[in-house]
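Got some structures for you, see below.
Two complexes follow with chain A in common, the first pairing it with chain B and the second with chain C.
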Partner chain A sequence: MANTYTLISSVTVGSGGSASIEFTSIPATYTDLLVKLSGRSSRSAATMEEFVLTFNNNTSSYSERQLRGDGSSVISQTFSGASIQQLGQPGAGATANTFGNWEFYIPNYAGSNYKSISLDGVTENNATQAYTNFEAGLWSNTAAITSIKLSAGSYLAVQYSTAYLYGISNA
Partner chain B sequence: MASTYEKIATNTLGSAAATVTFSTISGAYTDLVFIIAAGNSTTASDQIRAQFNSDTGSNYSFTQIVGNGSTATSGRSSNSTAMRFGFCSNNTETNAIIQIQNYSNTTTYKSSLARINNPNVNLYAVVNLWRNTSAITNISLFMESGGNFNSGSTFTLYGIKAA
Partner chain C sequence: MATKIIVNCSTGETTEVELTAEEVTEREAMAIAYAEQKAEEDADKAAKVTAKAALLTKLGITEAEASLLLS
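Up next, the complex of A and B:
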(Lines of atoms letter the chains of each structure in order from A and count residues from 1; the text may use other names and numbers.)
(Lines give C-alpha, C1' and ligand atoms only; values in the text may rest on other atoms or scores of the structure.)
Protein backbone atom coordinates (compact mmCIF):
# COMPACT_ATOMS: atom_id res chain seq x y z
CA MET A 1 0.00 0.00 0.00
CA ALA A 2 1.36 3.42 -0.90
CA ASN A 3 2.23 5.64 2.01
CA THR A 4 0.49 8.88 1.06
CA TYR A 5 0.93 10.80 4.33
CA THR A 6 4.58 11.20 5.29
CA LEU A 7 6.31 13.15 8.04
CA ILE A 8 8.92 15.36 6.33
CA SER A 9 10.27 17.12 9.40
CA SER A 10 9.38 18.29 12.89
CA VAL A 11 10.58 20.98 15.28
CA THR A 12 10.24 21.20 19.05
CA VAL A 13 11.37 24.51 20.52
CA GLY A 14 13.91 24.12 23.26
CA SER A 15 14.77 25.99 26.42
CA GLY A 16 14.97 29.73 25.93
CA GLY A 17 12.51 29.79 23.05
CA SER A 18 13.05 30.59 19.41
CA ALA A 19 12.25 33.59 17.20
CA SER A 20 11.06 31.29 14.44
CA ILE A 21 10.35 27.74 13.37
CA GLU A 22 11.53 26.92 9.87
CA PHE A 23 11.35 24.03 7.44
CA THR A 24 13.86 24.20 4.61
CA SER A 25 14.75 22.12 1.55
CA ILE A 26 11.21 20.84 1.18
CA PRO A 27 11.21 18.34 -1.68
CA ALA A 28 8.74 18.68 -4.54
CA THR A 29 7.89 14.99 -4.44
CA TYR A 30 4.50 15.35 -2.78
CA THR A 31 1.18 16.70 -3.98
CA ASP A 32 0.19 18.74 -0.92
CA LEU A 33 1.72 19.90 2.35
CA LEU A 34 0.20 19.88 5.82
CA VAL A 35 1.62 21.77 8.82
CA LYS A 36 0.42 21.17 12.36
CA LEU A 37 1.50 23.82 14.85
CA SER A 38 1.21 23.97 18.62
CA GLY A 39 2.55 27.36 19.70
CA ARG A 40 2.72 29.92 22.46
CA SER A 41 4.27 33.38 22.43
CA SER A 42 6.62 34.93 24.99
CA ARG A 43 4.89 38.31 24.71
CA SER A 44 4.73 39.66 28.23
CA ALA A 45 1.31 40.27 29.83
CA ALA A 46 -0.51 39.56 26.57
CA THR A 47 -3.19 36.92 26.23
CA MET A 48 -2.51 36.60 22.52
CA GLU A 49 0.14 37.36 19.92
CA GLU A 50 0.09 36.66 16.20
CA PHE A 51 2.64 34.37 14.60
CA VAL A 52 3.27 35.04 10.91
CA LEU A 53 3.88 32.70 7.99
CA THR A 54 6.15 33.18 4.96
CA PHE A 55 7.39 30.94 2.15
CA ASN A 56 10.84 30.78 0.54
CA ASN A 57 11.98 33.73 2.71
CA ASN A 58 9.85 35.95 0.49
CA THR A 59 8.18 38.94 2.14
CA SER A 60 5.74 40.18 -0.47
CA SER A 61 2.43 39.34 -2.15
CA TYR A 62 0.56 37.69 0.73
CA SER A 63 -3.11 38.15 1.47
CA GLU A 64 -5.63 36.48 3.72
CA ARG A 65 -9.31 36.46 4.44
CA GLN A 66 -10.30 35.60 7.99
CA LEU A 67 -13.36 34.44 9.87
CA ARG A 68 -12.79 34.77 13.62
CA GLY A 69 -15.08 33.98 16.55
CA ASP A 70 -14.29 35.17 20.07
CA GLY A 71 -17.06 33.51 22.05
CA SER A 72 -19.55 36.34 21.67
CA SER A 73 -19.30 37.57 18.09
CA VAL A 74 -17.92 36.65 14.69
CA ILE A 75 -15.99 38.97 12.43
CA SER A 76 -14.48 38.69 8.97
CA GLN A 77 -11.40 40.65 7.98
CA THR A 78 -8.82 40.87 5.20
CA PHE A 79 -5.09 41.44 5.49
CA SER A 80 -2.29 41.78 2.99
CA GLY A 81 1.41 42.45 3.07
CA ALA A 82 4.69 40.78 3.89
CA SER A 83 3.27 37.60 5.43
CA ILE A 84 0.20 35.66 6.37
CA GLN A 85 -0.07 37.42 9.66
CA GLN A 86 -3.02 36.31 11.77
CA LEU A 87 -1.91 33.06 13.38
CA GLY A 88 -2.95 33.85 16.94
CA GLN A 89 -1.17 32.10 19.79
CA PRO A 90 -1.57 32.47 23.55
CA GLY A 91 0.86 35.00 25.02
CA ALA A 92 2.60 35.03 28.36
CA GLY A 93 -0.47 36.59 29.95
CA ALA A 94 -2.73 33.70 28.90
CA THR A 95 -3.57 30.78 31.14
CA ALA A 96 -0.36 28.89 31.90
CA ASN A 97 0.48 25.85 29.80
CA THR A 98 -2.05 26.66 27.06
CA PHE A 99 -0.84 26.50 23.48
CA GLY A 100 -2.49 27.48 20.23
CA ASN A 101 -3.48 24.73 17.80
CA TRP A 102 -3.19 25.39 14.06
CA GLU A 103 -3.34 23.39 10.87
CA PHE A 104 -2.30 24.69 7.43
CA TYR A 105 -3.11 22.74 4.27
CA ILE A 106 -1.26 23.76 1.09
CA PRO A 107 -2.49 21.96 -2.03
CA ASN A 108 -0.36 21.88 -5.16
CA TYR A 109 2.54 23.56 -3.35
CA ALA A 110 5.08 22.67 -6.05
CA GLY A 111 2.98 23.84 -8.98
CA SER A 112 3.34 27.02 -11.01
CA ASN A 113 0.07 28.57 -9.88
CA TYR A 114 -0.37 31.05 -7.02
CA LYS A 115 -0.46 29.22 -3.69
CA SER A 116 -3.84 29.00 -1.99
CA ILE A 117 -3.76 27.90 1.65
CA SER A 118 -6.38 26.69 4.10
CA LEU A 119 -5.70 27.62 7.74
CA ASP A 120 -7.67 26.61 10.84
CA GLY A 121 -6.66 27.52 14.37
CA VAL A 122 -7.81 27.95 17.97
CA THR A 123 -6.48 29.77 21.01
CA GLU A 124 -8.73 28.56 23.81
CA ASN A 125 -7.39 29.42 27.28
CA ASN A 126 -10.31 29.17 29.73
CA ALA A 127 -10.58 32.97 29.79
CA THR A 128 -11.60 35.87 27.62
CA GLN A 129 -9.73 36.66 24.40
CA ALA A 130 -9.84 33.13 23.07
CA TYR A 131 -10.45 32.66 19.37
CA THR A 132 -11.57 30.22 16.76
CA ASN A 133 -10.12 31.06 13.34
CA PHE A 134 -10.82 30.00 9.79
CA GLU A 135 -8.60 31.60 7.19
CA ALA A 136 -8.03 31.55 3.45
CA GLY A 137 -4.46 32.51 2.59
CA LEU A 138 -2.89 33.38 -0.73
CA TRP A 139 0.73 33.80 -1.76
CA SER A 140 0.62 35.42 -5.20
CA ASN A 141 3.81 33.82 -6.40
CA THR A 142 4.29 31.03 -8.92
CA ALA A 143 7.44 29.53 -7.35
CA ALA A 144 7.35 26.10 -5.82
CA ILE A 145 7.35 26.26 -2.03
CA THR A 146 10.71 24.99 -0.78
CA SER A 147 10.75 26.52 2.69
CA ILE A 148 8.20 27.49 5.32
CA LYS A 149 8.93 29.93 8.12
CA LEU A 150 6.75 30.56 11.16
CA SER A 151 7.92 33.68 12.96
CA ALA A 152 6.90 34.81 16.42
CA GLY A 153 6.95 38.49 15.43
CA SER A 154 8.88 40.62 17.93
CA TYR A 155 8.77 37.86 20.52
CA LEU A 156 9.68 34.20 20.85
CA ALA A 157 7.94 30.89 20.39
CA VAL A 158 8.28 29.44 23.86
CA GLN A 159 9.77 26.09 24.84
CA TYR A 160 7.61 23.08 23.92
CA SER A 161 6.07 24.81 20.93
CA THR A 162 5.99 22.21 18.16
CA ALA A 163 5.48 22.09 14.40
CA TYR A 164 5.16 19.06 12.15
CA LEU A 165 5.39 19.15 8.36
CA TYR A 166 3.74 16.34 6.41
CA GLY A 167 3.83 15.60 2.72
CA ILE A 168 0.71 14.18 1.12
CA SER A 169 0.97 12.30 -2.13
CA ASN A 170 -1.73 11.24 -4.56
CA ALA A 171 0.53 8.61 -6.10
CA MET B 1 4.72 1.88 9.31
CA ALA B 2 1.05 1.14 8.84
CA SER B 3 -0.43 3.28 6.09
CA THR B 4 -3.71 4.70 7.31
CA TYR B 5 -4.12 7.42 4.66
CA GLU B 6 -4.40 6.04 1.15
CA LYS B 7 -5.25 7.61 -2.17
CA ILE B 8 -8.36 6.07 -3.68
CA ALA B 9 -8.49 8.09 -6.89
CA THR B 10 -7.34 11.36 -8.40
CA ASN B 11 -8.53 13.37 -11.36
CA THR B 12 -6.65 16.26 -12.96
CA LEU B 13 -8.80 17.81 -15.64
CA GLY B 14 -7.22 17.94 -19.08
CA SER B 15 -10.01 20.22 -20.25
CA ALA B 16 -12.84 22.12 -18.65
CA ALA B 17 -15.60 19.89 -17.30
CA ALA B 18 -19.09 20.47 -15.95
CA THR B 19 -19.08 17.41 -13.71
CA VAL B 20 -16.49 15.39 -11.86
CA THR B 21 -17.48 11.96 -10.56
CA PHE B 22 -15.77 9.39 -8.39
CA SER B 23 -17.55 6.05 -8.63
CA THR B 24 -17.16 2.52 -7.28
CA ILE B 25 -15.73 3.84 -4.01
CA SER B 26 -14.58 0.95 -1.89
CA GLY B 27 -16.08 0.45 1.55
CA ALA B 28 -12.73 -0.67 2.91
CA TYR B 29 -11.96 2.55 4.78
CA THR B 30 -13.27 4.21 7.90
CA ASP B 31 -13.50 7.79 6.61
CA LEU B 32 -12.97 9.75 3.40
CA VAL B 33 -11.05 12.98 2.80
CA PHE B 34 -11.66 14.83 -0.44
CA ILE B 35 -9.16 17.48 -1.57
CA ILE B 36 -10.08 19.93 -4.32
CA ALA B 37 -7.98 22.63 -5.99
CA ALA B 38 -10.20 24.04 -8.70
CA GLY B 39 -11.12 27.10 -10.70
CA ASN B 40 -14.22 28.06 -12.61
CA SER B 41 -13.72 28.50 -16.34
CA THR B 42 -17.03 30.00 -17.31
CA THR B 43 -18.64 32.35 -14.83
CA ALA B 44 -17.35 34.85 -12.34
CA SER B 45 -18.75 32.97 -9.41
CA ASP B 46 -20.58 29.77 -8.72
CA GLN B 47 -21.21 27.31 -5.93
CA ILE B 48 -19.73 23.82 -5.93
CA ARG B 49 -22.53 21.32 -5.33
CA ALA B 50 -22.30 17.59 -4.73
CA GLN B 51 -24.47 14.51 -4.65
CA PHE B 52 -23.85 11.05 -3.24
CA ASN B 53 -24.77 7.86 -5.08
CA SER B 54 -26.41 9.86 -7.89
CA ASP B 55 -29.26 10.80 -5.55
CA THR B 56 -30.99 13.85 -7.06
CA GLY B 57 -33.83 13.87 -4.53
CA SER B 58 -34.47 16.55 -1.93
CA ASN B 59 -32.51 14.60 0.65
CA TYR B 60 -29.75 17.02 1.52
CA SER B 61 -29.39 19.88 3.98
CA PHE B 62 -26.56 22.13 4.99
CA THR B 63 -25.57 24.85 7.46
CA GLN B 64 -22.73 27.20 6.67
CA ILE B 65 -20.69 30.04 8.12
CA VAL B 66 -19.12 32.41 5.60
CA GLY B 67 -16.65 35.29 5.80
CA ASN B 68 -16.00 37.63 2.89
CA GLY B 69 -13.41 39.83 4.55
CA SER B 70 -15.84 42.39 5.90
CA THR B 71 -18.87 40.51 7.18
CA ALA B 72 -19.57 37.11 8.67
CA THR B 73 -22.83 35.37 7.90
CA SER B 74 -24.46 32.03 8.51
CA GLY B 75 -27.19 30.34 6.52
CA ARG B 76 -28.76 27.01 5.92
CA SER B 77 -30.97 25.09 3.54
CA SER B 78 -33.22 22.10 4.11
CA ASN B 79 -34.56 19.59 1.60
CA SER B 80 -32.01 20.54 -1.02
CA THR B 81 -31.24 18.45 -4.07
CA ALA B 82 -27.49 18.67 -3.52
CA MET B 83 -24.89 19.48 -0.90
CA ARG B 84 -22.92 22.72 -0.94
CA PHE B 85 -19.13 22.64 -1.03
CA GLY B 86 -18.46 26.37 -1.26
CA PHE B 87 -17.57 29.02 -3.72
CA CYS B 88 -15.53 28.71 -6.92
CA SER B 89 -14.52 31.73 -8.99
CA ASN B 90 -12.59 32.30 -12.17
CA ASN B 91 -10.04 34.65 -10.65
CA THR B 92 -8.42 32.51 -7.95
CA GLU B 93 -8.03 28.82 -7.34
CA THR B 94 -10.36 27.50 -4.67
CA ASN B 95 -9.07 24.89 -2.26
CA ALA B 96 -11.43 22.64 -0.37
CA ILE B 97 -10.96 19.97 2.28
CA ILE B 98 -14.01 17.77 2.78
CA GLN B 99 -14.17 15.13 5.50
CA ILE B 100 -16.78 12.39 5.35
CA GLN B 101 -16.80 10.24 8.47
CA ASN B 102 -18.14 6.69 8.69
CA TYR B 103 -19.17 6.82 5.03
CA SER B 104 -19.67 3.12 4.48
CA ASN B 105 -22.01 2.20 7.30
CA THR B 106 -25.56 1.26 6.35
CA THR B 107 -27.25 2.41 9.56
CA THR B 108 -26.85 6.18 9.84
CA TYR B 109 -27.42 9.22 7.68
CA LYS B 110 -24.16 10.65 6.30
CA SER B 111 -22.71 14.01 7.23
CA SER B 112 -19.65 15.84 5.96
CA LEU B 113 -17.56 18.76 7.14
CA ALA B 114 -16.16 21.04 4.46
CA ARG B 115 -13.69 23.93 4.61
CA ILE B 116 -13.53 25.88 1.38
CA ASN B 117 -11.23 28.82 0.68
CA ASN B 118 -11.20 31.29 -2.14
CA PRO B 119 -8.65 33.79 -0.84
CA ASN B 120 -9.81 36.62 -3.08
CA VAL B 121 -13.51 36.23 -2.35
CA ASN B 122 -14.57 34.32 0.76
CA LEU B 123 -14.14 31.28 2.97
CA TYR B 124 -16.67 28.72 4.11
CA ALA B 125 -17.17 26.15 6.79
CA VAL B 126 -20.13 23.96 5.89
CA VAL B 127 -21.72 20.91 7.42
CA ASN B 128 -23.80 18.85 4.99
CA LEU B 129 -26.23 16.04 5.70
CA TRP B 130 -27.46 13.35 3.32
CA ARG B 131 -30.58 11.69 4.71
CA ASN B 132 -29.82 8.21 3.48
CA THR B 133 -28.39 5.16 5.26
CA SER B 134 -26.69 3.68 2.19
CA ALA B 135 -22.93 3.37 2.03
CA ILE B 136 -21.43 6.11 -0.11
CA THR B 137 -20.07 4.58 -3.29
CA ASN B 138 -20.28 7.54 -5.66
CA ILE B 139 -19.53 11.27 -5.31
CA SER B 140 -20.48 13.68 -8.07
CA LEU B 141 -19.45 17.35 -8.15
CA PHE B 142 -20.85 20.09 -10.35
CA MET B 143 -21.42 23.86 -10.44
CA GLU B 144 -24.73 25.20 -9.21
CA SER B 145 -25.28 27.61 -12.12
CA GLY B 146 -23.89 25.43 -14.84
CA GLY B 147 -20.29 26.60 -14.85
CA ASN B 148 -17.32 24.39 -15.64
CA PHE B 149 -14.33 23.40 -13.57
CA ASN B 150 -11.34 24.70 -15.48
CA SER B 151 -8.57 22.69 -17.05
CA GLY B 152 -5.90 21.74 -14.53
CA SER B 153 -8.30 21.51 -11.60
CA THR B 154 -7.38 18.61 -9.33
CA PHE B 155 -9.64 16.36 -7.30
CA THR B 156 -8.21 13.67 -5.03
CA LEU B 157 -10.11 11.25 -2.82
CA TYR B 158 -8.29 9.64 0.11
CA GLY B 159 -9.43 6.80 2.34
CA ILE B 160 -8.58 6.76 6.06
CA LYS B 161 -8.23 3.47 7.86
CA ALA B 162 -8.61 2.93 11.57
CA ALA B 163 -6.29 -0.04 11.47
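Up next, the complex of A and C:
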Protein backbone atom coordinates (compact mmCIF):
# COMPACT_ATOMS: atom_id res chain seq x y z
CA MET A 1 0.00 0.00 0.00
CA ALA A 2 1.43 3.32 -1.03
CA ASN A 3 2.25 5.57 1.88
CA THR A 4 4.16 8.33 0.15
CA TYR A 5 3.36 10.36 -2.91
CA THR A 6 6.18 12.62 -4.03
CA LEU A 7 5.79 15.09 -6.85
CA ILE A 8 8.82 14.50 -9.05
CA SER A 9 8.03 17.05 -11.76
CA SER A 10 5.13 18.83 -13.40
CA VAL A 11 4.60 20.81 -16.54
CA THR A 12 1.99 23.16 -17.97
CA VAL A 13 1.92 23.66 -21.71
CA GLY A 14 2.43 27.26 -22.74
CA SER A 15 0.97 29.33 -25.53
CA GLY A 16 1.43 27.77 -28.93
CA GLY A 17 0.90 24.25 -27.61
CA SER A 18 3.31 21.35 -27.61
CA ALA A 19 3.66 18.14 -29.62
CA SER A 20 4.74 16.18 -26.57
CA ILE A 21 5.76 16.28 -22.94
CA GLU A 22 8.76 14.23 -21.88
CA PHE A 23 9.87 13.44 -18.36
CA THR A 24 13.51 12.41 -18.54
CA SER A 25 16.13 11.21 -16.00
CA ILE A 26 13.43 9.75 -13.76
CA PRO A 27 15.13 8.58 -10.57
CA ALA A 28 14.91 4.87 -9.75
CA THR A 29 14.38 5.55 -6.07
CA TYR A 30 10.63 4.98 -5.89
CA THR A 31 8.53 1.82 -5.99
CA ASP A 32 5.90 2.95 -8.50
CA LEU A 33 5.14 5.91 -10.71
CA LEU A 34 1.90 7.79 -11.18
CA VAL A 35 1.18 10.21 -14.02
CA LYS A 36 -1.76 12.57 -13.99
CA LEU A 37 -2.49 14.14 -17.35
CA SER A 38 -5.03 16.81 -18.16
CA GLY A 39 -5.01 17.51 -21.86
CA ARG A 40 -6.79 18.91 -24.84
CA SER A 41 -5.86 18.40 -28.48
CA SER A 42 -5.62 21.01 -31.21
CA ARG A 43 -7.29 18.61 -33.63
CA SER A 44 -10.05 20.56 -35.35
CA ALA A 45 -13.64 19.40 -35.76
CA ALA A 46 -13.14 16.38 -33.53
CA THR A 47 -14.51 15.66 -30.09
CA MET A 48 -11.58 13.38 -29.32
CA GLU A 49 -7.97 12.76 -30.26
CA GLU A 50 -5.71 10.04 -28.93
CA PHE A 51 -2.60 10.97 -26.99
CA VAL A 52 0.05 8.25 -26.86
CA LEU A 53 2.49 7.05 -24.22
CA THR A 54 5.99 5.63 -24.66
CA PHE A 55 8.87 4.82 -22.35
CA ASN A 56 12.62 5.37 -22.78
CA ASN A 57 12.06 6.64 -26.36
CA ASN A 58 11.30 3.04 -27.29
CA THR A 59 8.68 2.43 -29.96
CA SER A 60 8.08 -1.31 -29.82
CA SER A 61 6.50 -4.07 -27.72
CA TYR A 62 3.50 -2.19 -26.36
CA SER A 63 0.07 -3.75 -26.01
CA GLU A 64 -3.20 -2.68 -24.44
CA ARG A 65 -6.77 -3.74 -23.87
CA GLN A 66 -9.33 -1.02 -23.59
CA LEU A 67 -12.92 -0.70 -22.51
CA ARG A 68 -14.41 2.47 -23.94
CA GLY A 69 -17.86 3.98 -23.55
CA ASP A 70 -18.82 6.89 -25.76
CA GLY A 71 -22.23 7.88 -24.45
CA SER A 72 -24.20 5.48 -26.63
CA SER A 73 -22.18 2.28 -26.89
CA VAL A 74 -19.39 0.34 -25.25
CA ILE A 75 -16.49 -1.27 -27.03
CA SER A 76 -13.69 -3.58 -25.96
CA GLN A 77 -10.62 -3.46 -28.13
CA THR A 78 -6.97 -4.40 -28.16
CA PHE A 79 -3.99 -2.72 -29.74
CA SER A 80 -0.31 -3.47 -30.00
CA GLY A 81 2.63 -1.70 -31.53
CA ALA A 82 4.73 1.39 -31.10
CA SER A 83 2.99 2.94 -28.08
CA ILE A 84 0.15 2.87 -25.60
CA GLN A 85 -1.99 4.71 -28.05
CA GLN A 86 -5.57 5.19 -26.92
CA LEU A 87 -5.44 8.06 -24.43
CA GLY A 88 -8.40 10.05 -25.71
CA GLN A 89 -8.45 13.78 -24.98
CA PRO A 90 -10.99 16.38 -26.08
CA GLY A 91 -10.37 17.76 -29.55
CA ALA A 92 -11.17 21.24 -30.75
CA GLY A 93 -14.69 20.04 -31.60
CA ALA A 94 -15.45 19.35 -27.93
CA THR A 95 -16.91 21.98 -25.62
CA ALA A 96 -14.54 24.93 -25.46
CA ASN A 97 -12.12 25.24 -22.56
CA THR A 98 -12.65 21.68 -21.35
CA PHE A 99 -9.82 19.23 -20.75
CA GLY A 100 -9.61 15.47 -20.38
CA ASN A 101 -8.27 13.66 -17.36
CA TRP A 102 -6.07 10.58 -17.31
CA GLU A 103 -4.16 8.69 -14.69
CA PHE A 104 -1.48 6.07 -15.40
CA TYR A 105 -0.13 3.85 -12.65
CA ILE A 106 3.15 2.08 -13.34
CA PRO A 107 4.17 -0.38 -10.60
CA ASN A 108 7.76 -1.58 -10.24
CA TYR A 109 8.94 0.74 -12.99
CA ALA A 110 12.59 0.30 -12.08
CA GLY A 111 12.52 -3.49 -11.95
CA SER A 112 13.64 -6.00 -14.56
CA ASN A 113 10.24 -7.51 -15.39
CA TYR A 114 7.89 -6.37 -18.15
CA LYS A 115 6.10 -3.17 -17.19
CA SER A 116 2.36 -3.24 -16.63
CA ILE A 117 0.34 -0.04 -16.67
CA SER A 118 -3.17 0.66 -15.38
CA LEU A 119 -4.85 3.55 -17.12
CA ASP A 120 -8.17 5.29 -16.76
CA GLY A 121 -9.40 8.51 -18.24
CA VAL A 122 -12.21 10.60 -19.60
CA THR A 123 -12.73 13.22 -22.23
CA GLU A 124 -15.00 16.18 -21.56
CA ASN A 125 -17.78 17.33 -23.85
CA ASN A 126 -21.10 18.92 -23.02
CA ALA A 127 -22.88 16.68 -25.51
CA THR A 128 -23.84 13.04 -25.88
CA GLN A 129 -20.49 11.96 -27.24
CA ALA A 130 -17.88 11.94 -24.51
CA TYR A 131 -15.57 9.06 -23.73
CA THR A 132 -14.79 7.03 -20.63
CA ASN A 133 -11.88 4.60 -20.75
CA PHE A 134 -10.36 1.84 -18.69
CA GLU A 135 -7.21 0.22 -19.94
CA ALA A 136 -4.63 -2.38 -19.09
CA GLY A 137 -1.30 -1.81 -20.79
CA LEU A 138 1.93 -3.72 -21.05
CA TRP A 139 5.38 -2.76 -22.22
CA SER A 140 7.17 -6.04 -22.89
CA ASN A 141 10.60 -4.74 -22.05
CA THR A 142 12.77 -5.48 -19.02
CA ALA A 143 14.55 -2.13 -18.90
CA ALA A 144 13.95 0.21 -16.00
CA ILE A 145 11.77 3.14 -17.02
CA THR A 146 13.89 6.29 -17.00
CA SER A 147 11.79 8.49 -19.27
CA ILE A 148 8.13 8.91 -20.12
CA LYS A 149 6.86 10.63 -23.24
CA LEU A 150 3.27 11.80 -23.64
CA SER A 151 2.64 12.70 -27.24
CA ALA A 152 -0.39 14.53 -28.59
CA GLY A 153 -0.59 12.15 -31.54
CA SER A 154 -0.11 14.08 -34.73
CA TYR A 155 -1.55 17.29 -33.29
CA LEU A 156 -0.63 19.54 -30.35
CA ALA A 157 -1.49 19.55 -26.69
CA VAL A 158 -3.01 23.00 -26.27
CA GLN A 159 -2.04 25.66 -23.77
CA TYR A 160 -2.85 24.81 -20.14
CA SER A 161 -2.62 21.07 -20.69
CA THR A 162 -0.80 19.71 -17.65
CA ALA A 163 1.13 16.60 -16.64
CA TYR A 164 2.25 15.64 -13.14
CA LEU A 165 4.68 12.83 -12.39
CA TYR A 166 4.61 11.33 -8.90
CA GLY A 167 6.92 8.82 -7.32
CA ILE A 168 5.30 6.41 -4.91
CA SER A 169 7.07 4.45 -2.21
CA ASN A 170 5.47 1.60 -0.35
CA ALA A 171 7.88 1.46 2.53
CA MET B 1 7.64 24.21 -36.41
CA ALA B 2 6.05 22.18 -33.62
CA THR B 3 7.91 21.94 -30.35
CA LYS B 4 8.16 19.48 -27.47
CA ILE B 5 8.62 20.06 -23.77
CA ILE B 6 11.35 18.14 -21.96
CA VAL B 7 11.45 18.03 -18.18
CA ASN B 8 14.67 16.73 -16.66
CA CYS B 9 13.53 15.14 -13.40
CA SER B 10 17.03 15.12 -11.93
CA THR B 11 17.78 18.79 -12.43
CA GLY B 12 14.23 20.15 -12.58
CA GLU B 13 15.14 21.93 -15.80
CA THR B 14 12.36 22.35 -18.37
CA THR B 15 13.21 23.07 -21.98
CA GLU B 16 11.14 23.53 -25.11
CA VAL B 17 12.77 22.41 -28.33
CA GLU B 18 11.74 22.06 -31.95
CA LEU B 19 10.94 18.57 -33.24
CA THR B 20 13.57 16.84 -35.32
CA ALA B 21 12.82 15.77 -38.89
CA GLU B 22 12.65 12.18 -37.62
CA GLU B 23 10.05 13.14 -35.03
CA VAL B 24 7.98 14.97 -37.63
CA THR B 25 8.02 11.83 -39.79
CA GLU B 26 7.07 9.75 -36.76
CA ARG B 27 4.08 12.02 -36.09
CA GLU B 28 2.93 11.72 -39.69
CA ALA B 29 3.13 7.92 -39.47
CA MET B 30 1.22 8.10 -36.20
CA ALA B 31 -1.56 10.07 -37.85
CA ILE B 32 -1.93 7.44 -40.55
CA ALA B 33 -1.94 4.62 -38.01
CA TYR B 34 -4.52 6.40 -35.89
CA ALA B 35 -6.79 7.02 -38.87
CA GLU B 36 -6.65 3.31 -39.69
CA GLN B 37 -7.42 2.31 -36.12
CA LYS B 38 -10.28 4.76 -35.84
CA ALA B 39 -11.76 3.46 -39.09
CA GLU B 40 -11.50 -0.08 -37.73
CA GLU B 41 -13.18 0.97 -34.48
CA ASP B 42 -15.98 2.74 -36.34
CA ALA B 43 -16.47 -0.24 -38.66
CA ASP B 44 -16.66 -2.58 -35.68
CA LYS B 45 -19.28 -0.39 -34.04
CA ALA B 46 -21.32 -0.16 -37.23
CA ALA B 47 -21.15 -3.93 -37.71
CA LYS B 48 -22.46 -4.48 -34.19
CA VAL B 49 -25.36 -2.09 -34.75
CA THR B 50 -26.24 -3.86 -38.00
CA ALA B 51 -25.99 -7.31 -36.42
CA LYS B 52 -28.13 -6.22 -33.49
CA ALA B 53 -30.83 -4.82 -35.78
CA ALA B 54 -30.80 -7.99 -37.87
CA LEU B 55 -31.18 -10.17 -34.79
CA LEU B 56 -34.08 -8.11 -33.46
CA THR B 57 -35.79 -8.42 -36.84
CA LYS B 58 -35.19 -12.17 -36.86
CA LEU B 59 -36.66 -12.49 -33.37
CA GLY B 60 -39.53 -10.17 -34.22
CA ILE B 61 -39.07 -8.01 -31.11
CA THR B 62 -38.12 -4.41 -30.45
CA GLU B 63 -34.97 -3.21 -28.69
CA ALA B 64 -37.07 -2.24 -25.66
CA GLU B 65 -38.54 -5.74 -25.55
CA ALA B 66 -35.07 -7.26 -25.80
CA SER B 67 -33.89 -5.09 -22.91
CA LEU B 68 -36.88 -6.24 -20.89
CA LEU B 69 -35.94 -9.87 -21.52
CA LEU B 70 -32.41 -9.24 -20.29
CA SER B 71 -33.39 -7.23 -17.21
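The rule is simple: the second predicted complex is superposed on the first by the 167 of 171 C-alpha atoms of A that agree within 3 Å, B and C clash if a C-alpha of one lies under 4 Å from a C-alpha of the other, contacts with A are read in each partner's own complex, and residues count from 1 in each chain.
The rule is short, and it goes like this: a contact is a pair of C-beta atoms (placed from the backbone, for glycine too) under 8 Å apart; a residue touches a chain by one contact, two chains touch by 3 or more.
Source: prediction; values computed, not measured.
*Asks:* Taking the superposition as given, does A:Ser151 touch the first partner, chain B, the second, chain C, both, or neither?
*Replies:* In the superposition, A:Ser151 contacts chain C only.
*Asks:* Looking at A:Gln77 after the superposition, I want to know if it touches chain B, chain C, both of them or none. Which is it: first, second, both, neither?
*Replies:* both
*Asks:* Check the residue A:Gly88 against both partner chains and state whether it touches chain B (first), chain C (second), both, or neither.
*Replies:* The answer is neither, since A:Gly88 touches no partner chain.
*Asks:* Considering only the touch criterion stated at the top, classify A:Gly39 as touching first (chain B), second (chain C), both, or neither.
*Replies:* After superposing on A, A:Gly39 lies clear of both chain B and chain C.
*Asks:* Looking at the overlay, what does A:Gly121 touch: chain B (first), chain C (second), both, or neither?
*Replies:* Neither partner.
*Asks:* Please work out whether A:Ser25 is in contact with chain B alone, chain C alone, both, or neither, and reply first, second, both or neither.
*Replies:* second
*Asks:* Just chain B (first), just chain C (second), both, or neither: which does A:Ala136 touch?
*Replies:* A:Ala136 contacts chain B only, not chain C.
*Asks:* Have a look at where A:Gly14 lands relative to chain B and chain C in the superposition and call it first, second, both or neither.
*Replies:* In the superposition, A:Gly14 contacts chain C only.
*Asks:* Once the two structures are superposed, pull the chain A residues common to the chain B and chain C interfaces.
*Replies:* Shared contact residues on chain A: 75, 77.
*Asks:* Okay, in this complex, where on chain C does chain A touch?
*Replies:* These residues of chain C touch chain A: 2-12, 14, 16, 19, 23, 26-28, 30-31, 33-34, 37, 41, 44-45, 48-49.
*Asks:* Spell out the part of chain A that touches chain C in their complex, as residue ranges.
*Replies:* 8-11, 13-14, 16-27, 50, 52, 59, 73, 75, 77, 79, 81-83, 85, 151, 153-154, 156, 165
*Asks:* Which residues of chain A touch chain B in their complex?
*Replies:* Per the touch definition, chain A meets chain B at residues 1-5, 31-32, 63-67, 74-78, 105, 107-108, 113-114, 116-118, 120, 134-138, 168-171.
*Asks:* So in the complex, which bits of chain B are touching chain A?
*Replies:* Residues in contact with chain A: 1, 3-7, 10, 35, 37, 65-72, 92-95, 97, 115, 117-123, 125, 152, 154, 156, 158.
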